[in-house]
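I have placed the structure first, in the form of C-alpha cells, so that the comments after it can refer back to it.
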C-alpha cells in the first residue's frame, strides 16, 4: 500500500529517482495480443523529454525506453511488461546546496520528516522525472484504447492569466497537429504565441508561472466507471491530482457549474439522426452517475507555478535555523507544455483500466 | 474491483439502494481499543438526515444506525464493524414515472446501459441516500482521528453566486457552533441568511442550485500521504469527487494558483516561537509533494445543482422516443447544507487510512 | 488490509461474531443479470447449519438468510449484494468459563495478545460460525458458475483413519444424492456407515476427531488462474487453509506426487474422440502452470480435530497461572460433515473470481 | 489483478521471461532506514543459481543482481526498490522443438490457450527462472525480519521416498552450516548422502524425482496473521503453492493431524521458567486461529518431479496431432536443492508483510 501502483486491472507500478540509475515501470494486466508500437511509445516520451525547447529545462536526457519483458514478436503476451528508462545526465553536484536546506514549496521537508532519510539529489523520488515512467505506460494504454477507437487529447488552455478560447476537437489529428506546431502546446496559434512570449519573459526574470491543461476523451463507449467510489471522474481526478504541481481538477461544468441552476444545467437527452443517444449540452462532461454516457469526456487540470525559481529565498535548514537558498539545477519556467502528454497518459491509464473493468459489468 | 470499497487500511465497503430494505457499511481495518461513541455517530447522521429543515427534501428517514459486529463492551475489537441503517419511508410509487424514461442529468441512462438492468426506484444505488453509510463510517474515522488530536471541519462557503468571506478556524468548536446555528451550515451568519433566502426562492420556483463546501483539517501531523500515486490531496480529491453531484476539487491555492508566479506562490519555511516548523503562507494547502506538512489542510469542493427539478423537461424513453418528464419525489433544492457532513466524513476516511498507512513509513 | 475480504473481481467481505447480533457478507463485483435462486442459497446454508444430526453440535440456528441489496426483480443488478444471517440461539453464559482462561488450541490467546481485547463469547470472530457467511456468498458464486456449466462437488473422504475408496464423479447429481443420503456426507455408503459409528463413539467419549474432504471441479474451461502468484491451485489452497481447523492442502498427485518419478508423473496429452484435448492421467489435478487445463480439478483438504473436547484439560489463565478447563457449549465431535459445503463454497468463490479475471486475458 | 504482485504492505511485483533480456522485481512498501546488505542478497541468489553442482541444471547464469532505486547511502528510503537480474546464457535454440508441440505436464498448452500467444523459449514466464526475482526480494524481507530477530530456515527433508529424521533447529546458524555442507541441502548428513546418490542415478537415467522441503520460522512474535481470510498459514500456503512444481502444503500436524483425536492434538499452554507462555506440544505449528502464537512456525512443502525428462514421450502438437517429444535444454533432475532458498524467500515475504500489517492491530 505504499502508493507506487496505479490502476486495478491495467495496473502499473513505477520506480526510480531523479538522479539514480534508471526509472521504469511494470505494467501488469495488459491483455495479450495487443500490437506494441515501440516507436509510438518513444515519440510520446519525446514530448515530455527535457531540453526540447527554450521554454523547458535544459537537462539533457534522451529518455530512451527499452522493453524488458512481456512482449514477444511485437505483441503483448499477457505477462508483465517492464519498461526501463536509464538516467543519463545526472548532475548531482547541482544539488549539494539542498542537502541540509529545505527548498520552499518542494517536498524536501515532508520526505525528510516522513522517512527520516531522503535522496536529496534533484528531488529524488519527488522529482517530476518520475512522470516519464507514467508516459511510457500511458502510451501503451493509448495503444490499447486506440484499438477500440477511443482517443485522448489535451492541450495547454491557460498560462498564468492568458486563456485560450474553446478549440474545436472534432478532428483529433488536426487538433494535435495544430498543438504540436508550437512549443507551448496550445492548439490555438494566436494564444500560443502570446503564451510563449510570456513564459520567455518569466524565464528571463528567473521566475516561474502556473497554467492549465484541458483534456478530452472521444469515442468513449457508454458504461465506463464503477460507482460508488470508483466513479470515472473520481478516478480521473485522482490520476490528475497525483501529477506533480497539480492543485485542482474539474470536469464538465466544473466550478462554474456550482453557480448554475438545475434548469440551466441539465443535459437534455435526444436521439440524433444516426440513432445515437446524445445530450444537447454537455455540462455533465461525458459522465453521469460516475459512468461515461458516450458524450466527449472533458476535464481541466490546474498546475501551480514550479517551485524552483532562480531568485534568492529565505528558508530554514534541517536544524530549523534561518537560511537562504537560490535555485540551481535546470528547471522549467512553466511546466504545462511538457505536462500535456502526462495528462493524456494518466487519462489513458484510467480509461484502459475502466475499459477492462467494464467488460465484467454484465454476466453476458 | 467493483468500486464499492474505499481506503486501504481503514477500508469501508458500502451497500444498499435508495428504496431497498437497508443501506449499510462494513469497516475493516479499524484498530482495536477505540472507544465507540454511538451517540456521536448518530448525531453525525442526523446532520445528513432528510427532512431536517425547509430547505431540504421532506422524505422522512430517522436514519437510525445499528452496529452489528466488531464492537465489544464499547470498544472496537479489531474485527470488521458492520453498521446497518434500515430504509423506512420508501415511497416507491413516486418513481413509477421513471421506469421507462431517462431523467436528464441523472444516472438512469448510464446504469441501464452499463448493467442492462436497474433498480429505478429513487435512483437505486445512484441515489445520494448511499452517502448515509459513508457518514456512519466517517464518524468512526473521526473518532479515531480525534483520539490523535486531528480535527476536520467544513462549511458551506458558496451557494450559487453567493460567497462567504474567509472564516476563522482557529477555534474548531466555535466554528462548528456558528455553522450549526443556521440551516444552510455556513459559518458566516450574514452570508448564511442570504443563502437561505436564495435557496428558499429557488425551491419555490421548482428549481435547484449548486454550491461549494470548504473543508479544513487541523493538527494533522507531518507525513500523511503516499507518493507517487496516493498523494494525500489526490486521495482527498478522489474521495470528494466520488460524492454525488461533485464536479470540482481544489486544494491550497487551487485554480487561482495556476495564475500565480513562483515567487509569489512559494511558502517560506520558518520556525515559530514554539519551535515548530511552519510556513508563512499556505498556498500549498498543508500538503507538499503529496505529504502533509503540518499546516492546516485546506480544500474546496464544487457541487452542481441537483438534477431533479419540479419543472417539465424534454427527454427520451428507453426506446429513444421523445418524452417529457417532471420531477416527482422529494428532493433538495440545494444539496450543500446536507453535504457538509459527507465532505467531512470522506475527508476523515482518507485521513484515518493515511494515518494508519504512515505508521509503517519508517522501520523504527 | 485487515483480512476480511476475499477475491479480486468477485469479492466478498464478511463480518460478525458467534454471539453478536448477526453475521453477514457483502459481495461486490457479481455481474448483473444473474438469476438469484434464494431457495438454493438457503438450502446450501442448511447443509452447514448446526443441529442437523446427532453427530453435529446441538446449537439451534435456523441460519435464515436475507438479501438486503443488489438484487432487483430476482436478478443481480451489478451493485453490491448484502446478505444478513441473524444469530438466534446465543447462549453466551456457556462461555463465562473462558473469559479469563485460554482454551487449548483455540484462538483465545492469540486474539487476546494481538488485539488486547476479545469477544470471548463462543470464540467471537474466530468461531466457525463465521463460515455461514462464506456459504451464503459461495452459493451465489455457484449459481454464477452453473450458468456457465461449471460444477463443484465435495465429500468426506476420511474420518480419522477411515478412508473412503475413490468415488465416481462422472454424474455429479448422482454423487450428491449418494452423499446426502447419510449424515457424514461421504459418497461411499459403506464407508459412511463406518464413519458415523466411529464419530458417535468419539462423541460419547467426549472427544473429537479430524478428517479429510475431497473436492472436484467439473467442466472448468481451460485458462483459469493468473500466474505467477495467483495460480489457480495457490488461490484454492489459500481459500481452503482459511477455513477453521484446516491444516493441509494438496491437489492432483499432492504429497504422494513428491515420491514419484517424472516419467511416471507426466500427464500425456491426447485428442479424444470428441476432438477435445485431454490427458491420459491427471496427476496435474486439472491445473498446469497455475492455469486450468480442462481436466477435472481435484484437491484434498485436511482438518484437525475440533479443539473443544468434553474432558478436563490443563491450561493457563490470563495472568499465566495454571488452570483447568473443560468444554462447555455445544460442539461438533467431527467438523467435516458440516464442512463439505464450506469447502465447496470457498472453491466456488475462487473459481467465480478467476472466471471473471480470465475474461480479460486476451484483448479480443 | 493479473497475478504478478504478492503481499499487501510489503508488496512485490515481478517481471521477466526465461529467455528475455532480464528478470526483476519492484518492492513497494519496505519501510525506510533498513540497512541493505547487497552481498547477502547476492549470496541468497547464489543458492538458487543454476549450475552450482552436478545435481542441478548446467545452464550458466551468474544471476548478478543490481539495485536501481530506493536505496540511498546503503539504506532504504521508503521509495520503491527495483532489482534487476539480466539473463546471460539464453540458448533459445534449445527450445525450437517446443514451438508447436505441447510438452507434457508443462504450461505450454495452458498458456497458449489462455493467451493465444506464448513465448515458447524455455517456458517463458512459466519458467522457474522467474523465482530468482522472488529470492532477491525475499532476501530483503529476511533482512527486515532479522532486524527484528525473526529467522527463517528450511532444508530438504525428503527426496522421493528417502526421508530425513527430525533435525534440531535450536541453533539456526548450526542448522544452516550443516545444510550447506552438502549439495542436496539436507541438514542431516547421512540422509543427504543417500539423497545425492539417488538423484545422481535418476539424472543418469534421464529421469527426474520429486521431494519435500521443511521450513521453520523462529522467534516470530505473537500476533502475526489477519483472520479470517488472511490467516498466517493460509498466506504461507498460497505463497508456497505459487512456487513452480509445488503440489501440497501442510503446517503443524498437517495431514497426519486429520487422523488424530482432539485429546491428543490439543497443545497445552504453560508458562515456562522465563515467564513466557508456550505450549507443551506444537501440533498447531506455531499458529492458532490464523495468528502466530510465539511457538516455532513449522510447515512442509511437496514438490512434484520436474516435468522435463530426457526420455521420449508421446504428446500432441498445436493442431492436436500426435507427436513425440524428448527433453532438450538443461534441467534439474530434482528441484528441491535449489528450491530451499525459494521456500525461505516466500516465507520471508509473507512474514515481513504480516509483521507490517500487525503494527496496526491496536490503536496504541
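Before moving on, here are some points about what is shown:
Read from first to last, the chains carry the letters A, B, C and D; within each, the first residue is number 1.
Keep this in mind: contacts are C-beta pairs under 8 Å (C-beta built on N, C-alpha and C of every residue); 3 or more make two chains touch, one makes a residue touch a chain.
These numbers were taken from a predicted model, which means no experiment stands behind them.
Two copies of one chain, chain B and chain C, form a contact in which over half of the residue numbers belong to both partners. Between B-D and C-D, more C-beta contact pairs are found at C-D. Using CA-based centroids throughout, the chain positioned farthest away from chain B is D. Look at where the CA atoms of chain B average out and do the same for chain D: the two points lie 46 Å apart. For this pair, chain B with chain C, the centres built from the Cα atoms lie 39 Å apart.
Once the centre of each chain is set as its mean CA position, chain C and chain D turn out to be 26 Å apart.
For chain C, residues touching at least two other chains, in rising order: 1-5, 8-9, 14, 29, 32-33, 78-79, 114-116, 125, 227, 361-362.
Within the complex formed with chain D, the chain B residues making contact are 1, 9, 29, 31-34, 76, 78-79, 144, 147, 227, 356, 359-364.
Looking at the complex, you find that chain C touches chain D at residues 1-6, 8-9, 14, 102, 104-107, 109-111, 113-116, 125-126, 130, 158, 160-161, 202, 207-212, 222-223, 225-231, 233-235, 237-242, 247-255, 257-271, 275, 277, 279, 283-285, 288-293, 302-309, 311, 313-316, 320-322, 357-358, 361-362. On the chain C side of its complex with chain B, the touching residues are 1-5, 8-9, 11, 13-17, 20-24, 26, 28-30, 32-33, 66, 68-70, 72, 75, 77-82, 84, 114-119, 124-125.
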